[in-house]
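Multiple structures are listed underneath, in structure tokens.
Each of the two complexes below includes chain A, the first together with chain B, the second together with chain C.
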Partner chain A sequence: MDIKESQSLRDTLLKEIAKCRACRFCIDVCPAYQASEWVENMSPYGRLQILKYLINGTLEEDDPLIYSLYSCLQCGRCDRLCKAKGQNLEVANLIRLGKYLLSQGLVKGKKSEKV
Partner chain B sequence: MKRSKRFISEVLSTLKDNIQRTGDPFGIKSVYWTGWTKGLDLPRSGETILLTARMYQMLPYITNITGLVASARPFISRRGLATIVNVGNRIMGDKILKVKSLGSKNIRSKGKKVLTGMVNALSAIGQRPAYLYEDEPYTGVLLYDLGLDEYIEDHVKKVYSLLKNHNVKKVIGVDPHTVFMLKKIYPKYITNYDIEVKHYLEILSENKDALRKACRKSLDKEFVIHDSCYMTRELGIIEQVRRISASLDITIMEPENNKLDTACCGGPIEYAFRDLTEKVSKTRVQELSSISKNIIVECPICLINLRKYEKEMGIKVWDMGELLFEALVYDNKKFNNSYKS
Partner chain C sequence: MDINMSKLTKDLGKIVGKEHVFTDKPTAVVYAKDTMPWDVEEKNIPYAVVRPSNSQEISKILKYANEKLIPVHIHGSGTSLVGLARPKTKGIVLDTARMKKINVYPERGYFEVEPGLHLVQVKKELAKYNALLPLFPGSELVATIGGTVAVNTSAHGVDAALGKPGDFVLGFEVVLPTGEIIYTGTESTRRAAGIDPTKFFVGSEGLLGVLTLLRIRLLPLPYFKQIVAYYNKTEDIIDTVMEMYKQGIHPPLFYEFLDERAAKIGFEAVGLEEPIGAVAMMRVHSWSKVGSEDKAQNFLKFLQVGNPIEAKIVEDIDEWNLIWSSRAEAGNYMYRLGMTFGSEISPRVDKLREAFHEAQLIVKNLKSYNNAEFISFGHIGAPTIHAYAFIPTKDISNDLKKALTLEMREKTEDLNIKYGGCGGEWGLTAQRVSFLKKKYGESLYELLVRMKKALDPNDILNRGNLQGWI
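What follows is the complex of A and B.
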């Protein structure tokens, strides 16, 4: 991914995440959140917030944040809730795209770039 | 959670490396996916092929590799030691996995039974797809799931050209992850993508009357269904499995989280977070087993994750292919013994 593509992906992600109305209905249906003793970082909403703050530079990649993002099951249950509540964000895919952005720095043997 | 960043970095790098080197997520060079075809005499070429994408054949390796990764995690998460583990994986990983998987006879024979059941069912409705044997590719779905999009394109193009070289026009997939990749993701990377992709349950459902006629016995038992996330939410294959079950005289019982609202088995993160996976799958098994001790699944990942609790919770997990095998290849006694009443 070149710099232009990376910037465009960041912009897309920030734009999409901004559409989240923080209703948090997606939280309760997330199996990883249910299995993590209700830690919000482990929920779809929490993961979107982590992504947002990683992209805008407020947070830096660390172990707990990577754990939160990579523990997303990609099961898409949150998408369904989001659609039912009228916002229709592709939450699981946004998190997956966030992983794509992160993989630039995580895969070894690549020129790493901080998210 | 400790050292997750380094650990994930190692996992992503190894996966990418394995697929680039061998086309296989485990980096196994020798052919391990054709053994199930023995005695089936499937044609080697044809416009319509059955693509297992090695998913059911991988099950013994998945069982072992998740155990190995969990026990090697403290080493993988450290810089110097990770390099040693990585080099070891390149040199010996293939052999270690092969030897370790020899002990997983049960899951190996279950996978074989599932695939044989599918072939028998397709034959019963007059479909005789070809099989690519040694040439059968892996679709690269793990690259997609883990956001390794940068490496997908190469892999997708290789697989597509392999299919075209074999003059394939239609693919019958046996698991939802493969069908999802071929149907939804491949067209994004290939212009004028022209391969028709269907899940075998869709085909059987369209011919359910012929399937009913071909059944040598009625299964006439109750099962609770675990819908796969990809199958329902991504592919919209929901009623087909219920229609086929009705053809086999199976009574399907529905859990609270079903169809489009199905709950995940926890499988997709098992490669790295085994503890969390176990919590997720246990919750799901508890929900399902409160309805019936006999659970139907339609995905290899769900199969391997839910069946871990067979002994502990006194359940039995059946893949749809296995039930087709039971209905089409008559062995009443074995089926009745396996069914948890």
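What follows is the complex of A and C.
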């Protein structure tokens, strides 16, 4: 992915995540949230916020951030909840794309920054 | 404030266990965000998120915070719509999510619950005992029982029909801001007359203490009947509500409406045929089946006063669920199409019509954004006017989001003052301070500050909410 494409992906993610109202309705359906004893950064809501603040530069790539994003099991239960009660976001897919940015070093952070 | 982060982590870890203390920035950001439309700023991001499991641990955290003079912000699920849930200053976020125990005692007539249990889970537990949870926020999927009682919100419920959450609270265990653990109230179903400190903590918004155990009366599940009424225009619904109070008719437990625009959006969203105009939806309750049928028939007759196009009792529960969900979906869909900036005006009932018209003018004449669209829906029977300014984009700056929020707040405050209201349930301290000063004067505000100081001399709990910080 070249610089232009990665910028476009970051812009798309930011635009999509801006639709999240932070209602947190999705947290209880997330198995990772339940398994973590209800820590919000292990929930779909939390991962979307972390991704947003990572892309806009408030956060940098670090271990807790990676742990949060990679705790997503891609089960898609949050998608169904968001469609029924929220903003119809494809939450799991957004998190998957966020993990891709991380794996390619396309976000700010000490570990693998290329941007 | 200079904070030694490694010492803070270690000290808090000694109290709750190190696995329940988070001092990393990603976790802190997640707990700082609430539903307010603008982004989290550095000042909102806490030093630490700490997750205690009982009142003893909370007591130790608060004693520690007083010793070190670090503010503590209580976190339930962060669903407050009016800024209460966002820390206003750097400090420790105290998350109640691990406190979820519930015990139902039918032989004693009450249940006891810890603050972190989500309302939908409380409802599920009470259903086993054929009991009603008399709390009705739209966020029941995740709203905590501690937070709901701490703000004392009726939400969808009409106050005059059943009361407010605090009316059912028999007692609390509370950790005071300085760390003492106290017990209030009774284990009898008979509550105290006169001074009962339980009342101090109902609706105290976490300013006066942390609710760690709530004892709430068991209410038998009533029988319900549902009514929907279609109107040519919103004004007919408003006139009906005014007439209901004037004639002394017992209000339905739920009395919601969608204005012409919201009805179209909401009905389309749930796949129902587009209505001609505005829609009102009501749910009456009674403690007997015959009573509920009688009440619904009587209310149906009364509704003719507002000249509905059609009004009917909805027997089919699937049809009702669709109609009812159109109200929530109207809000969701508007947010999908752009942004909404809300308000609550809860006027004197006989001024409802005038207040509604002036709310429309406020939205149409906003200075911070031209051509915002007025949309309204919500608990009109309460009476509540949720006046929304809708703008068809999300692509606006943080500064403009703040300006719109604050302009709506200030102008609807004036309307609440003009028409005798208090800001209803969006009148929480996090957005209420200027209103309190304008409506009641500095003396009343100073009284509240003194009350807070009496319990919280170092201003540890939820600092900034009573100051009106954003």
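Everything that follows uses one rule, which is that the second predicted complex is superposed on the first by the 104 of 115 C-alpha atoms of A that agree within 3 Å, B and C clash if a C-alpha of one lies under 4 Å from a C-alpha of the other, contacts with A are read in each partner's own complex, and residues count from 1 in each chain.
The rule we apply is simple: contacts are C-beta pairs under 8 Å (C-beta built on N, C-alpha and C of every residue); 3 or more make two chains touch, one makes a residue touch a chain.
Predicted model, so just to flag it, every value in this text is computed and none were measured.
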Legend entry - Clash or fit, chain B versus chain C on superposed chain A: fit
Inset, instruction - For A:39, select first, second, both or neither according to whether it touches chain B, chain C, the two together, or no partner. - result: second
Inset, instruction - Look at A:50 in the shared chain and tell me whether it touches chain B only, chain C only, both, or neither; answer first, second, both or neither. - result: second
Inset, instruction - Kindly classify A:18 by the partners it touches after superposition: chain B alone (first), chain C alone (second), both, or neither? - result: second
Legend entry - First, second, both or neither for A:3, with chain B first and chain C second: neither
Legend entry - Partner chain(s) touched by A:62 [first = chain B, second = chain C, both, neither]: both
Inset, instruction - Name the contact category of A:28: first (chain B only), second (chain C only), both, or neither. - result: second
Legend entry - Lowest inter-chain C-alpha distance for chain C and chain B in the superposed arrangement, angstrom: 11
Inset, instruction - For chain A, give the residues common to its interface with chain B and its interface with chain C. - result: 62-64
Inset, instruction - Provide the residue numbers of chain B that touch chain A in the complex, in ascending order. - result: 1-5, 8-10, 12-13, 16, 144-150, 229, 233-234, 260-264, 266, 268-269, 272-273, 276, 279-280, 283-284
Legend entry - Parts of chain A lying in touch with chain C, wherever the complex brings them together: 15, 18-19, 21-25, 27-28, 37-41, 45-46, 49-50, 53, 56, 58-59, 62-65, 68, 85-88
Legend entry - Contacting residues of chain A [partner chain B, same complex]: 1, 29, 31-32, 34-36, 61-64, 66-67, 70-77, 79-80, 96-103, 106-109
Inset, instruction - Write out the stretch or stretches of chain C touching chain A in their complex. - result: 22, 24-27, 29-31, 33-35, 39-40, 51, 77-79, 95, 97-98, 116, 118, 120, 139, 141-142, 328, 332, 335-336, 394
